[in-house]
Amino acid sequence: MENPPPHDTPEPLKERLWRIIFLSDTPAGRAFDVVLLVLISASVGVVMLESVEPLRERHQGVFRALEWVFTVLFTIEYATRVWVVRRKSRYVLSFFGVVDLLSVLPTYVALFLAGTQYLMVIRILRLLRMFRVLKMARHYGQANQLLVALRASRPKIAVFLFAVMTLVTIESTLMYLIEGEHNPGFSSIPQSIYWGIVTLTTVGYGDVAPMTVAGKVLASIIMLSGFAIIAVPTGIVTAEVIRSTKRIPMDNRRCRECGWQGHDPHANFCKHCGTRLER
Amino acid sequence: MENPPPHDTPEPLKERLWRIIFLSDTPAGRAFDVVLLVLISASVGVVMLESVEPLRERHQGVFRALEWVFTVLFTIEYATRVWVVRRKSRYVLSFFGVVDLLSVLPTYVALFLAGTQYLMVIRILRLLRMFRVLKMARHYGQANQLLVALRASRPKIAVFLFAVMTLVTIESTLMYLIEGEHNPGFSSIPQSIYWGIVTLTTVGYGDVAPMTVAGKVLASIIMLSGFAIIAVPTGIVTAEVIRSTKRIPMDNRRCRECGWQGHDPHANFCKHCGTRLER
Amino acid sequence: MENPPPHDTPEPLKERLWRIIFLSDTPAGRAFDVVLLVLISASVGVVMLESVEPLRERHQGVFRALEWVFTVLFTIEYATRVWVVRRKSRYVLSFFGVVDLLSVLPTYVALFLAGTQYLMVIRILRLLRMFRVLKMARHYGQANQLLVALRASRPKIAVFLFAVMTLVTIESTLMYLIEGEHNPGFSSIPQSIYWGIVTLTTVGYGDVAPMTVAGKVLASIIMLSGFAIIAVPTGIVTAEVIRSTKRIPMDNRRCRECGWQGHDPHANFCKHCGTRLER
Amino acid sequence: MENPPPHDTPEPLKERLWRIIFLSDTPAGRAFDVVLLVLISASVGVVMLESVEPLRERHQGVFRALEWVFTVLFTIEYATRVWVVRRKSRYVLSFFGVVDLLSVLPTYVALFLAGTQYLMVIRILRLLRMFRVLKMARHYGQANQLLVALRASRPKIAVFLFAVMTLVTIESTLMYLIEGEHNPGFSSIPQSIYWGIVTLTTVGYGDVAPMTVAGKVLASIIMLSGFAIIAVPTGIVTAEVIRSTKRIPMDNRRCRECGWQGHDPHANFCKHCGTRLER
């Protein structure tokens, strides 16, 4: 994603660090990835446990200490990334650059502001950093195939969701007319739409359910019609997965420069950094 | 959908209006579409919010005013459509013609009649007007492919639903025999059928659930059998989606007369208005 | 299904009746089918409404009268069928012969026995008679294709259900160990299995739900693993539907003798009565 | 799975027993399989019924007696298996060897230890022994095809589950922020994640459901997005099932040594014991 330093510069440390942090083609790079994965998992675990009130009250000191350990480590990592990367602004403004910053900022901001509970939760976004590490892992080709299939189904799924939403709205309005007066769960059209979505997706919490005879009849019709509706996205995605499996033979070539894997079999150049790929 | 005025008539305004309102191949036509989409969305939003009682009571004046603004605008649009269209009766009686009328009528009727709450809800049908605008949009080919797949699966889905309904009725009658005396949710066969549909579609509200041991055993068998049943419509639709993706190369030809897009590649004439299509 | 009377016998009435009742290739035959469908639907509707207690108490006389009308009509029909059919024992012992008998018997038995509420419910099986009428209808080819696909998936679905049941049992036993003491819904292994089936089929009534932290963690793992499991029967059936669509071109030939439709395209003889099919 | 005694050894009894117990190609072998299936089913049924408290209290003696009958029979079986098998340590340490031992051990341990309720439940693992018997049955080819399809989808499903878990965590954290204060079901992030999994898998117990307006809006978006997500594993598995049906012609060759069936058509050697397969 970031341009590598030219290979002839006499900056061994910077380049070595860059290779360790951004690639995973050296033992040190792979070790760094593993350590980072463990740190991210642990820090996300801490954010989760901290949200459990009894735990938060009892172990407040431990949580705070751990949080600072993670924050300091991630800050050092972020600073190093900015330092070793060549096009700094490009990294800082990239998706992962922003995520990297967001995963340390809340702790510092909480020093100066009170009532930053909401801010702290931003740290859960550290989860997204896992994808950077994992994108170089061996399952990448698989994920890529899935993504291609999902991307190809997007326009159809969008059309489908729009049609479903219209259907849900009209059906829910009918339910509002029928049930509205007797059932607090259908007291307004938006309420009924919430019920309609819960029903058509077959989640069916049961917090809202029809109570009148007419309502139950209509709900039954809606559910049966939903049967065929559920089948549609499955059909779309399945067709695309089948197609993508045919189209994309797994290509294991890894870019020498940026470590990106999952190139098109016909590609001659890395689609990320433009380096010529070996045949 | 409606026949255009002949291209040699000296009625520039009427024809220009027709092109703006019914087609979207000019900048003005596209702007009209966008404005219409915004107006429809806003008016549907108002209908929804008005159904929320606390909001209705507090902002009654605002809702009434907005409603009249939308109604007047849509009335002007409807009148213009009738004026510029050549075969007036054909437009007025067409599906979208009726929807266009229904989306303004309730407000006028409410002037003369009291207790027209139900009438007002008809305005939610304005949603359907969105499809007219969107059918000329870029996703149209996708929607068409989906529709072809769905239409092709219709007879199979119908047969399937009939068989499922028979199965549900017989299974639900058994549940009524087993649970009926102990469980108010199975107090009659229609009640049990409601439960059967909720269960087989995997919605599972939980407002009705078996309580006796025998009932739970039978319900378990019904659910497991439902496993394979759910798979059937998915299989049908998926097979059709796969087939339709193979069959229909996207055909971008647009009818010069009615603007319909999505013709069969082998079609020589527009399937809507019968105009000869360009090759 | 039954052998027709030889075409040279001088029994015009019997043969004409046979053709009307068992086939639907004459106007009279089709009219008979429609009347029968209406009668069956009405009689099933009466059984259903009769199960609703308030209705049963108020309109007991009406229900009883209607029931006798249907019973007498179906008895006449049954007697005629037995009379006109050639191989009587074969019809009487056939699936539909038994269903025909079961749909009139309960009303007569109720004359002599008290407390026959359960018996009366047998009348719901009249629903099955609809399939006889419909099997000659135009959707038959579609239903046949579905049946072929379902039959082909049966061994795989059976293997799958067995594996799922083993998995459910082991997972439910674990839940029983974890939740058993705190949650009446997991008070025994069979109870837990009920929960396991409700969960894995994604019905999720919510009458039984995990309450301890460990139970929720295990339940989450079970649900996520269920994700992939649900996909399996869909995959099986879809594969078969796709295959069956390729294999069976719709064949509209109808047997001159028994009216059976949906023959294999390569078939030379009716697979039901053995009559030579026209090419 | 275990190496057979050499075919020229003069140990008729040991070899005959081996053939009966491990293979099912003789009448005696098939009879043994059936008896074993019945015993396993019965013993698992007893474990289940014993977990029902009222039954346990009333029929404690019966359960204990039956349990000892099964344990003694299975112990004899286990001892015989160890005796007749050639490479004893390999059998004892194999998956089924461990399961065989675990299915008798708890009853003996319960003699010496008190409070072994948890131990007794291990006996439910006897269920797994059924697979050994069934793997030689006629549905084996089908199961093998399913397994091949599932194994081929594993990397994709793993990638998918990881992505879904990240999505669920972030969405659930948002719900925790929105609902947390008003709704005990969202009182912590792990609690919200439980809700997220229940929702995205469309199980929808309803024990936790959004209560605020904002929560319902976000939940609706999550459910609709889940629509497409559910389709993904189905798509993956379906694609693999279709592929596996094409790829694997059923191969009925059975290994002469270990009885394993379901070899690859091109295989020259048994993939389990390495014996050369007959062409």
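Every chain is named by a letter (A, B, C and D) in the order it is written, and numbering of its residues begins at 1.
Everything that follows uses one rule, which is that contacts are C-beta pairs under 8 Å (C-beta built on N, C-alpha and C of every residue); 3 or more make two chains touch, one makes a residue touch a chain.
Please read these numbers as outputs of a predicted model, since none were measured by experiment.
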item: Pair in A-C, A-D or B-D that repeats C-D, with over half of contact pairs matching by residue number; value: A-D
item: Magnitude of the superposing rotation for chain A and chain D (Cα, nearest 5°); value: 90
item: Residue-number overlap at the chain B/chain C interface, same or different (half cut); value: different
item: Mean-CA-position distance for chain B and chain A (Å); value: 32
item: Distance from the mean Cα position of chain D to that of chain B, given in whole angstrom; value: 45
item: Per-residue multi-chain contacts in chain D, two or more chains; value: 190, 193, 202-206, 230, 234, 236, 238-239, 242
item: Residue ranges of chain C touching chain D (in the complex, touch as defined); value: 155-156, 158-160, 162-163, 166, 169-170, 173, 176-177, 187-191, 193, 199, 202-206, 209, 213, 216, 219-220, 223-224, 226-228, 230-232, 234-236, 238-239, 242-243
item: Residue ranges of chain C in contact with chain A within the complex; value: 202-206, 234, 238
item: Contact set on chain A toward chain D in their complex; value: 44, 47-49, 51-53, 118, 121, 124-125, 127-128, 130-131, 134, 139, 142-143, 145-146, 149-150, 153, 157, 161, 164-165, 190, 193-194, 197-198, 201-207, 230, 233-234, 236-242, 245
